[in-house]
Amino acid sequence: MTQAKRTFAQKLSGFFANNAVPIIFIVISALAIPISGFSATYLIQELLIRIGRNSFLILSLLIPIMAGMGLNFGMVLGAMAGQIGLIFVCDWSIVGIPGIVLAMIIGTPIAVLLGLLCGVVLNRAKGQEMVTSYILGFFINGLYQLVVLYFMGWFIPITDTSLVLSRGYGIRNAISLMNIRTILDRLLPLRVGPFDIGSFHLGYIDIPVATYLVIAAFCLFVVWFRKTKLGQDMRAIGQDRAVSDSAGIPVDRTRVIAIVISTVLACFGQIIYLQNMGTLNTYNSHDQAGMFSIAALLIGGASVTRAGIGNVFLGVILFHLMFIVAPMAGKNLMGQAQIGEFFRVFVSYGIIAVALVLHAWKRHNAIMNARRSLRGAPDKKEAAL
Amino acid sequence: MRSFIERVAALVVILIASVGLFYIGREHKVFLDNKTIEMEGQSFRALKFVRVSVAGKDPIELMPRDRDLLAVVGPSFKLKVEVMDEFGEDVEKTIERELKPGFDKDMMLSMPLLAADRDDYILPPPTGPARPPENDVKPTDELVIPLDAAPPTD
Amino acid sequence: MLKKFINAAGWPRIIIGLFLTALFATAPFVGVLVSTSLSDTLVRFGMNGVLVLAMVPMVQTGCGLNFGLPLGIISGLLGATLSIELNIRGMSGFAAAIAFAVPIAVILGYFYGQLLNRVKGGEMMIATYVGFSSVAFMCIAWLLLPYKSPTMIWGYGGSGLRTTISVDGYWHDILSNFLSLDFGHLHIPTGMFLFLAALCLLVWLFMKTKTGTAMTAVGSNPVFAAASGVNVDRMRIVSVVLSTALGAIGIIVYEQSFGFIQLYMGPFYMALPAVASILLGGASVNKASIWNVLVGTFLFQGILTMTPSVINNILQTDMSEVIRIIVSNGMILYALTRKAQVKR
Amino acid sequence: MPDMPLLKLENIGKEYFGNRVLADVSFSLKRGEILGLVGENGAGKSTLMNILFGMPVIASTGGYEGSIFFDGEKVNFKSPFDALDVGIGMVHQEFSLIPGFSAAENILLNREVLNRSVLENLFTPRVSTLDRATMNTRAARAIETLGVDIGVDTIISEMPVGYKQFIEIAREIDRAKTRLLVLDEPTAVLTETESQILLEALRKLADSGIAIIFISHRLQETIGLCDKLVVLRDGRIVKEVPVKDTELSAREIASWMVGRSVDNNPAARGRSSSTGETALEVEHMWVDMPGETVRDVSFAVHKGEIFGIGGLAGQGKLGIPNGIMGLFPAGGVVKLFGKPIELGEPRAALDSKMAFVSEDRRGVGLLLGERIDWNITFTAMQVQGRFLKGVPILGKFLRLRDDAAIAEEARGYIKSLEIKCTGPGQRAVELSGGNQQKICLAKAFCLKPDLLLVCEPTRGIDVGAKELVLGTLRRYNEEYGTTIIVTSSELEELRAVCDRVAIVGRGSVAGILPATRPPEDFGILMMGEKIDA
């Protein structure tokens, strides 16, 4: 069937079927926003902050999806590398933009190493990449804790005693990043407003221009990357590993490169995230990075095999909109903020489960269709029936 | 070969950049000390009243036995010390110096020594700063802790 | 001879086994009582045994490692809270908890099995997230369900259940204390062992029936099984139901020994130790036996008990958690990558 | 030296695990020449091509004998990429195209035209962007050479099957240095007109100086296109003839392909037992088995007969038994002793006392990771409830596997079928192909079937085991009067063991002949020609 032959109704239902997840979220948000009672100014300001904070992390997921490796649950490895960079920068008291850049430079080789490890492991578990990278995240988390909690201040020198636990080694639970807090966000400050659109009143809104420029640069990088030979090879591998291999594309190597790039970008993303947050929770900050980024990407309408820049931004807006309004809406509706909180946790996990189920389902149907198409020439087939 | 050279060059550039970032981004804690100090058998008395301005920031006023702390960023900064009379009205003496902590981290500046025009006024920073309250750390394998999702406890 | 033993036992078990032996051997020298440690190990072994056993049916039919164990645990929690709500105490309370939990587990397991049948090949990741989201869903439910028993709901007028509910006075240690033996510091919870043994025996017997044999064949080669007239999807559902029901019973056994019911995020990470245990016991992603359960649980719980006491006394620092994280996830990682190799 | 042959093979030979599959193959090919390579399945064509392309499977199984000269130089390729480097292109039977890519992207897959990038030395040349304009022009030129009209932007997954074949060939043409092109069954998926276009394109290519090896089962086409014909049989060249000078008939070629001299031809069996009642009746059956589609077959099998189903690979012969056993979606009517069998449901087939030995031994036939005795008795236990025993008190409610009886049963078959193993407890994966096949047979025998369907009974097993397996089938048929349907690609084997043989072509029965008919007759049926029954 060609595109042209499809009727408008078919196109419409196809559109809804393909974008079911974002549409559901738009509806949920549309219902929850009035109930939460937040002002438009507050919501927009919060969203602008969260877009700046999270987009980079989510963007780092795109490249492995392109290479057919699914959602990179191993991105927490990059987040850990970024945190190690930040710990050193804090210890050396490098502040401001130089601090952020230096943290990235330190984090990069660590992220590359972890990415290589992850890539090699995933090459040994083809077809099970997601669950393997997920468990690998836990495993490396153990090593991370070993290093940060026991080795740092023991044989990895940490001079700043305010970072170290009183027992003499190990990094404290929370590190204040006051010296680099929102430094990127405030580099090019822009305040707009107040606006009056009809009866709608909006107060002042601050836009973290520099952060957005960095994110824009990253988007350009993704666009450029897709046009390169490496990007082309990854797309090919993502679609058919065997054919790519027989065409001489180094499949395993390219897959490792995809994971390394993703890990390094996740490392940068985590640093950008934390400079906005202002506190590094040494033992939990990276935990949330993976799950929330993946949930947001999926809510933006991405699937396990297909994701674009549009999905990232749509996802980050919808996911965080729900995140902001859910507790308040829960409180106003049921009298308990907790219900809203649990609800958003439920949604975060549920959405990943649903996306994975849909993916497996689609793959199953695709196999069945491929089989049906092998039935041979249609003329003979009809005669047989 | 060409790519080897380029890679080495890139690595060198990154290394130099890192050192540069370290150099220009380093924050130095500067302790301003106005205590009586013994040096080479001599005793330098604490100044009665001194006003110190570091790196062009708002000046800090120190009384005898005062010690203050401020942070400066970058490899060098200007120091302006105005030694005042007892009542903080007249400037008795103005000293301007440019300090270059470079890669070093923290330093303590002794006002009495500075007022005496000595060059050994830079002292090592005091050890054992006050600790922030301890927070206990327990390892966890909870990669995915739901934000604020912990239920209320008894 | 030695080679044969190494081949039969497998390196991971030998390394962990030697490590555990070393821990027991050094214990007396660092002032740790071996008998207490052994008692602890045995109690934990009994507590966790059934949860690990719940892995077996699903692994055997090739549904992969049951990362969706929280679903069974939730059923168990519902059964346990219902039993307390109805104020049934003692052995009958324990029995009632299981009696309530199992039907719920069967229903949940049936739908869960239906879902897994539609996503063949991607079971493990989906199971993980189905488990997580059901836990989060139940968090809301615990707040809203109309429980009345004062031991369970918030004291000060709040609504919903407490985070932890004590089973003291209901069925705390009801199994463990049954026929329990004490030799000095060594405490053997005989009743809990008997219960575990009985369940193991039942599972073993079931695996020997026609259905059980068919399930093993489904896990070994689903195409072969289908060609032999076995309804593969049905077998998989049976195994998922069985796993879920065992998970429900497992958590109740765990609670009666632990003394508390942990609600809300409690069941969140309970699957991982169970998965790690059975893999440590020598199971692979699609083959597991009762023997794997027993060996794995003992080794895993042994490490868990011994590292805090012994290592901490040696190094003067608590590294047990980190060791646990590395060992358990390393074990799962090893199993996942090993399977892929065999496949190629 | 214009007369020097481009490709020259000298005394090529190859053995797989003591099985000789190629012997003393020599021929040469000049520039611009088209050579047709024909032969039955298993005649050694693929092995020959694997050798030519340096496929790793050859080296890993002990290399080959003889030597290959390309352009006057002796070559020994380590991998297919080496072959590509000197200019040998291959178009495979199964498509190796990326479904979501455009025609141009596929034609230039991994040979993309790149813009130079400042980063290429720092990282890898792969960080350069693609020059899509140049790529499209090149792709368009390659497609044009073939004389078809396909847009370079068309996505592969949206193309008709025939176009995909053209894209595959265009990919090889685009390689500037391609001097020899090997096409394996290129017209199998094409319609008549598409085939014509392709054949003309190939002629044009040859005229431009590219040598072509053309492998096809469509003899008419081969005769029409090729300059020279090489017929392989049992790993040897039986005929090498120029086509243009002589008038060749398809029948003649077919007889070369299947013909064997009388003295090494085992006696055909061919008992005539048509008087007995009908065991199996198949009417207008279709089966949806990937790669072996059955479109419309009807035939009847007599009771007590051994019925053979032959034909070339991919024509649907394997689909018939698999469809009857319910392993793939199927339709039509199948009656066993007059009773209709529900299709698409293995249990129904098994319940009506049919047993099946699959051609896919490792995938369908065995529980590789389990014990031998399990493998043998599993189906009988599931279908017939045998090998179970009641527990003393709970007898009625709880019946357990009778491991002793299972092992005993297995021991019986191990002995009677001479299965070489350490005992009934050994795992099936550890056995050789022949012994695994015997287990599959034992599994079927264990069901005590009325009708036994056996697919490719001797595939991948050594000569001694072959004889034993075939002998077992014959003996079983004689002793128990069991009706047997044997499906095999080896015509000789079918003629030796069967009473009648049906040849399947293009998803339907081309003809049913008594096994006593001369092999050429079967060969002609396989080639899609008509013959009088």
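Annotations
For reference, chains read A, B, C and D in written order, and residue numbers begin at 1 within each chain.
We take it that a residue touches a chain if its C-beta (ideal position, glycine included) is under 8 Å from a C-beta of that chain, and two chains touch if they have at least 3 such contacts.
As the structure is a prediction and not an experimental result, all values here were calculated from the model.
Chain pair with the larger contact count among C-D and A-B is A-B, by C-beta pairs in contact. When each chain is reduced to the mean of its CA atoms, the one lying nearest the mean of all protein CA atoms is A.
Inter-chain spacing, taken between the CA centroids of chain C and chain D, is 48 Å.
For this pair, chain A with chain B, the centres built from the Cα atoms lie 38 Å apart.
Averaged C-alpha coordinates put the centre of chain B at 80 Å from the centre of chain D. Remark: chain A and chain C have CA centroids separated by 32 Å (rounded to whole angstrom).
The multi-chain contact residues of chain B, meaning those touching 2 or more other chains, are 139-142, 144, 146, 149, 151-152.
Residue positions of chain A touching 2 or more other chains, listed in rising order: 138, 141-142, 145, 149, 338, 342, 345, 348.
Within chain D, contacts with two or more other chains are made by no residue at all.
Remark: chain D residues 325, 327, 346-347, 350-351, 356, 358, 363-370, 374, 378-379, 381-383, 385, 388, 398-401 touch chain C in the complex. Chain A meets chain B in the complex at residues 76, 92-99, 101-102, 105-106, 137-138, 141-142, 145, 149, 159, 161-162, 165-166, 170, 172-174, 179, 282-284, 286-288, 290-291, 323, 327, 338, 341-342, 345, 348. Against chain A, the residues of chain B that register as touching in their complex are 14, 17-18, 21-22, 24-29, 73, 105, 129, 131-132, 134-137, 139-149, 151-152. Listed in rising order, the residues of chain B touching chain D in the complex are 2-3, 6-7, 10. Contacts from chain A toward chain D in the complex involve residues 2, 224, 227-230, 232-233, 235-236, 239-240, 242-244, 246-249, 371-372, 374-376, 380-381, 383-385.
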